[in-house]
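Take a look at the structures listed below.
Two complexes follow with subunit A in common, the first pairing it with subunit B and the second with subunit C.
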Partner chain A sequence: MSKKKLVFLLYYCLLTLVLAGCWDRVEIENRGFAVGSAIDLVEKKADGSYELMLTSQFVVPSGLGSPVQGRGGGQKAYLNISATGESLFQVNREMATLTSQVPFYQHLKILIVSEDVVKEPNLFGNIMDLFIRDHEMRRGIRIVIAEGEARKILDIKPDNEKVPALYLDSLMENNYKNAGSLKPVHIGELQELLLSERSYSIPEVHFADKFIQYKGAAVFYGVTNEMVDSLMDEEAKGLAFLTETSTDGSIKVNVNGEMVTVELKSVDRGIQVTPKDKTDIDVAIDIHVNGNVAERFGKASVRMDSYIKKVEKDVEDKIEKMTTQTKDKLQKELKVDVIGVGDKLYQKHYTFWNTVKDDWDKGENYYSQSKININVTAKVQMVGSSDKVKTTGDD
Partner chain B sequence: MKWFEYGDETISDKELLIAVPSTIIGVGILSLPREIAKNTVSADGWLSIFIVGVLFIGFAWIIAKLASTYPHQSFFSYASSLVTRPIATVLTILLALQGFVLTAFVMRVISDIAKEYLFDQTPVEVIALSFLLVVVYAIAGSRAGLFRLNMMFFPIIIFITVLVGGFAVAWFSVDNYLPVFKTDLSGHLKAMQTSSFSFTGLAILLFYTSIVRKPKKAPKMAAIGMAIVPVLYIFIYLLCLGVFGNLATANLNYPIIELAKEIEVPGGFFERFDSIFFVIWIMSIFNTTAMSLDVTVFALESISKLKKIQLLYILAPLIYLVGMFPQDLITVVQLGEFVSYYGVLITIFATVLLVIMSVIKRRRSNV
Partner chain C sequence: MAARSIFKRKSKKGISANDENFSRYLDANIDDNLESIKEMLDSPNDLVMRRFHLGEHKCAIVYIDGLSDKATIEENVLKNLEIIERNKKLTSTDKPNLLAIIHEELISLTSIQNVNTMDELMLSLLSGGSVFVLDGVDRVLLLDTKMWENRSIEEPVSESLIRGPREGFVENLRTNMVLLRRQIRDPNLHFKTHEIGRRSKKKLVVAYISGIIHPDILKEVNRRLEAIDTDDALESGFIEQWIEDSFLSPFPQVDNTERPDKAAAGLTQGKFVIILDGTPFVLIAPTTIGNTFQSPEDYYERWLIGTLLRCLRYLAAFITMFLPALYIALVSFHQGMIPSQLAFSIAATREGVPFPAFVEAVLMGVTMELLREAGARLPKTIGQTIGIVGGLVIGEAAVSAGVVSPIMVIVVALTAVASFTLPLYSVAISFRLIRFTFMLAAAFLGLYGIVLTYIMINIHIVNLKSFGVPYSAPFAPTFFRDWDDLILRVPIPMLTKRPEYLQPTDSKAGDKEGKRV
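Up next is the complex of A and B:
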């Protein structure tokens, strides 16, 4: 072999090293797949910094088992690891020393933040930075606020799911689709909210024995990103009507003393803002709902026009009551623009918005001085497959 | 070693058409939505891209028209006849230099992005080297083959962009486009300035028109090819704006990659769409670097006695050094600004000079 050929041969062999591209290789067995994380406040230090606790839930694949294998030999399907520190990134690195695996966050589904953390001014916005900045984090991570300790939520033991974080994830998705809860907030949306200084709401979960209840809403003040209050039950439902474009919940009303449940099929919401003057802004919120009669006690015929009209009227009144209550609380008491009136001003009345934006829900607070009117129209479209199930009875 | 030789080193007019967007679309669009969103209100920036796009379509037509007036003549030979040999040599070197720095810059940027998103541990130097080696390998072969590679990659790039758009519909909000037309003139001018940087690479037309089989069609084809660029840019820009809104777009380093990261293929069996998008986008960046390096080699071939392979051996290490020279992100951005300014200015300068000379010459010969 000539010398030149030998040099070439050596050169090609060296090149294959680059081609293999295994500099970043991590075997899949060595990756710890984090599916959920929880952030708790440990203490507020005297110098104003915070000691935080990050808990991550890693999936233990052998505990999951395959359908054939059954329940995987009774092994737990997850592993929770907590570490504390000031910087979440460092905490995360510290966590790697506690486990035999490399934490891998690209499949992170859910981030639970404790109420204690978000009630401190500015802290929430700061800690979200890592989750937005780090390339490993996906923008679809869902965020929830937890009443009490967030890491406890990662430890609940539901009967039907093996990994608590995945349970919470599907719970949120289902509740949003079926029970008229608030839509889960993604970290990508949160970045937009943080940047715009707009006030917003994030779904809140409550720890109830073996289950998680997912139905409240934590209300945030956009300027400091601190949680100012939480809306529960009726108020949260009212908020859903005011902010969500589609709410597939149900609504229960009393017609002539008999209970009727209307299943909502579609909810359309429109906001019209007419700014006359800085202190005289008219806001008209139109909510239009379509629904079907889902369940009814009593014996009046649902095929009668007058009866349907009555149901519609009652649904309208009920929604109006709920939304007005929420609106009053948000506008007069908390003075935060979660409904998005400011957005409408920006979109439709840009020049006017520029004159008020610095005093919108801060400073002069023109928002709380505006007149918001809610107008609800309801339409019952279908009554189900039967008119009534009994003909004689109460009256 | 034996090389496969194509019958002739000429290209069809369609290949020229595809070569234009292949060269121009590259790293610019990755950050373009951010730069434009910064300077404009809501989604007004599409107007800036549109205006710049129309200007560049006209510009592409003029360049191709100029080059096709001298059919089958290389840039150096028609430039020599217009502005004398020494000036033509200087022009060729200056234009070759723009392809040279563009290659170095693009190589550096793609390595940085690849490190950020894909290779956490691999050094940038190694990523850049392996990328450059592939580019050099492509150029070492047939020139016409390179154009065919463009033809092959380009539809895939369009397809993946449209696919991202399709999946992004779920995250889309039309409200993000309101209000309309509220940007002031200075905002538009700034946005136009930054978007013009994403249109560098037209200089290839000055050189490659000479190897087109039917040069008469070249101006039309160049203009059509150029038109694809703003259309794709506006599509991507509006997509980012619709999903992220103006504020978030202005704060994301590479909005389109984040967009690929945000979308989820329904069904949940495939969560990391960004990796596919990224791999395909590297094809587009490969096209950019291959074309701009090849045009440099092509230009220098015409003025020196060196062979293509020899030139390549000299240029490749230099490109690597220039690309690796910036130490941090700030210097890379500065290099990028220099590359863009220089690329646009030198191309305009050379074209305008030659067009004027050519018009004067024709007047004289008519008289």
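Up next is the complex of A and C:
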């Protein structure tokens, strides 16, 4: 081959690079960043298929404002677009025709699913497929169940944040860290839960008079992935103690008629399972909490051992009451193993587990027949920066 | 194989090194000799021919005004020759003997040559010597009366240090050799002289410490220096580009410096130094990519600071090469890799910018290079104006006008600052150049393109050699022992071995000469 031919060959090879180049290039300002999505049920058709509504919240960056321009003008910082259909992927594509930008889901923070959707058997698992399978979806997306219409959550107007989805995201993060709420569930964890037949819980938000409250838990039955009930307030707190190995939060008790609030610093939970027979399974749940005295009314010294002992005892009773209440509801009423007793059997007593696994929280439901005892120990580590705040009082 | 032939050097045309005139022998007649000197130089007006008589002998002193020291000629030559006039015995001596007597007894200069060719006469004359011609003898005396205007030793401008010697090389070859000898008083410090340039005939000296340097390296550099075929080497850059292994590569395979301490350190490591007459920049080779990130100051400060500075330079090199490319790739392709809040704020600032990120980056990159070039060319007093014009007017105005986004200005500024922290100017230029390749690749293929280009550049680097020493050593042919002075700079007392990749004949750096650059 002559030298000239070779140069041309090289040149053409380089040209192909240019032809293929830039095929995925979309400039950042042309991307529509979806930060939150909500799924609602429109109707259940006669043939058993479902008509779903997907609402996505897109960020309008100029509305966020830059530090130079101040925090934006009066412009709205988000844009909600809804579309309906059976396949969420097609709905998504349809959504692209409704906006001037290219929908982009890599920054998706939060997925809100309506209770109506998850109460249908098997539907939840099916619609999650897109959010797990699609390459744009990250495994860190947080899932939350909404009471009522999910897309309304994306329309709240928080005072400190401009984008509702981002507000909800930081709300979940901070509430979990500071207020003892349930740990947010990521879509990666959800896939594990969907793959196993284990029952589980997902945090729930409530829409209450212009505000959203992140408390409560939706309980799911692992076999059909349908929501069976939601736990509220005390029950949800009890669930947190039963399922989390670590949680923050506070416990308010009355000691000698005076209020004491204990701020929890650490929670250790252990489950011991002793299977004697299929219908006679002993489960011992040990919960150990450490905490500080955070607030206290009254004038007695907190540095007395007897007083501290009393506080600890009351905290133990209170937690025991909460957890027992939750346990009873889960075991006797709903008959779903959210606590994870089955997991322990699988890990520690595998041969026994094989004999009961088909009738654990389904069929014969050996789970509901087991004896679950809860034992709580509490320890007050610190009493705060001061012994007493006042010496005389009205008591 | 065929591809290589495209880039192959064209074969040199056979040109005879010397003209006919230059190899001519001298005549016995003084008038003929003087006439031919005049003729050859086309009788310039700075050519001084001082004819006089010593008794009955006609003779002359020839020199070029300005190149030779008149005072020396008067004091040490002419005054001494007057003795002949007074001594009748001398004037009656026959001519060849008289020349010998003058050579050996009368002229009080340290360097005198007795030659008989026009070639040698001309070289001496044009380099500042003066010629003593005696009638009736076909030989002349070349007197070393060189006296050129020299710059005094000053602080090196291009490589200033906070701590370290303040003296730098100058244009004078002899002074430069003295500076090196003052650093290393070892009889094994040898200087081998070459003559460069068919017409310029400049002196070039290869300095090395025999007993440390690997003999093959020395053999190779002498072979390459002899192969140089050029009219003139104006600066050591000419030599560098003639003798480096791969002159098409963007990476310089020969180090250069203005600092005698750095050159001396290279010598003690087992490298050689090339000093060319007429330039303060000496060449040090073999060099490796690791040397690019080293500055003499790393050794003068304590080891922790030295190590920290090294790490900082590696980071700076990374920023110089990759930052604009990464910006393009992230903004145009992989928006998911930017933290959400930052992504939104970049999107907000880029709203209204009419160009894609690549055009934006090239625009600012070119502007930056223009400013740098303008600043380097202008006199210092006007140079400051460029800073104001560039920084305020272009930077600020471009953002306000919405031509580029503020983030882009940060990227360009950071890149520019990072590129100036690299101690070797010639390498810093290469890195800045490669930056544009990365930007192009990022614009086409995003991060994938950056990775591809990075692999290609790495393949190139591991293929490079500097006088037989792999350019990527001690990284790629791994010499773990040399890693004590690579990214880390271990404490000086622990640096007792010379670098292994240079294969020194004497590997132990001794107790005191632990210093390496």
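Note that the second predicted complex is superposed on the first by the 376 of 395 C-alpha atoms of A that agree within 3 Å, B and C clash if a C-alpha of one lies under 4 Å from a C-alpha of the other, contacts with A are read in each partner's own complex, and residues count from 1 in each chain.
By our rule, a contact is a pair of C-beta atoms (placed from the backbone, for glycine too) under 8 Å apart; a residue touches a chain by one contact, two chains touch by 3 or more.
Bear in mind the structure is a predicted one, so any value in this text is a computation, not a measurement.
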item	value
First, second, both or neither for A:Q106, with subunit B first and subunit C second	both
Which of subunit B and subunit C A:S49 touches, first, second, both or neither	neither
Which superposed partner A:K3 touches (first subunit B, second subunit C, both, neither)	second
Touched partner set for A:V35, first subunit B, second subunit C, both or neither	second
Touched partner set for A:D24, first subunit B, second subunit C, both or neither	both
First (subunit B), second (subunit C), both or neither touched by A:G188	first
Partner chain in contact with A:S196 - subunit B first, subunit C second, else both or neither	first
Which partner reaches more residues of subunit A (counting touched residues only), subunit B or subunit C	C
Which of subunit B and subunit C A:P61 touches, first, second, both or neither	second
Which of subunit B and subunit C A:D343 touches, first, second, both or neither	first
Common ground on subunit A, meaning residues reached by subunit C in one complex and by subunit B in the other	18, 21, 24, 106-107, 138
Residues of subunit B defined as touching subunit A within the complex	41-42, 116-123, 126, 129-130, 133, 171, 175, 178-179, 182, 244-245, 247-248, 251, 258, 261-262, 264, 271-272
Residue ranges of subunit A in contact with subunit C within the complex	1, 3, 6-7, 10, 17-18, 21-22, 24-29, 31, 33, 35, 59, 61-62, 64-66, 68, 104, 106-107, 109, 136, 138, 166
Residues on subunit A engaged by subunit B in the complex (per definition of touch)	15, 18-19, 21, 23-24, 106-107, 135, 138-140, 188, 191-192, 195-196, 343, 346-348, 350-351
List of subunit C residues in touch with subunit A within their complex	2-3, 5-6, 331-333, 335-336, 338, 340, 343-351, 353, 356-357, 406, 443-446
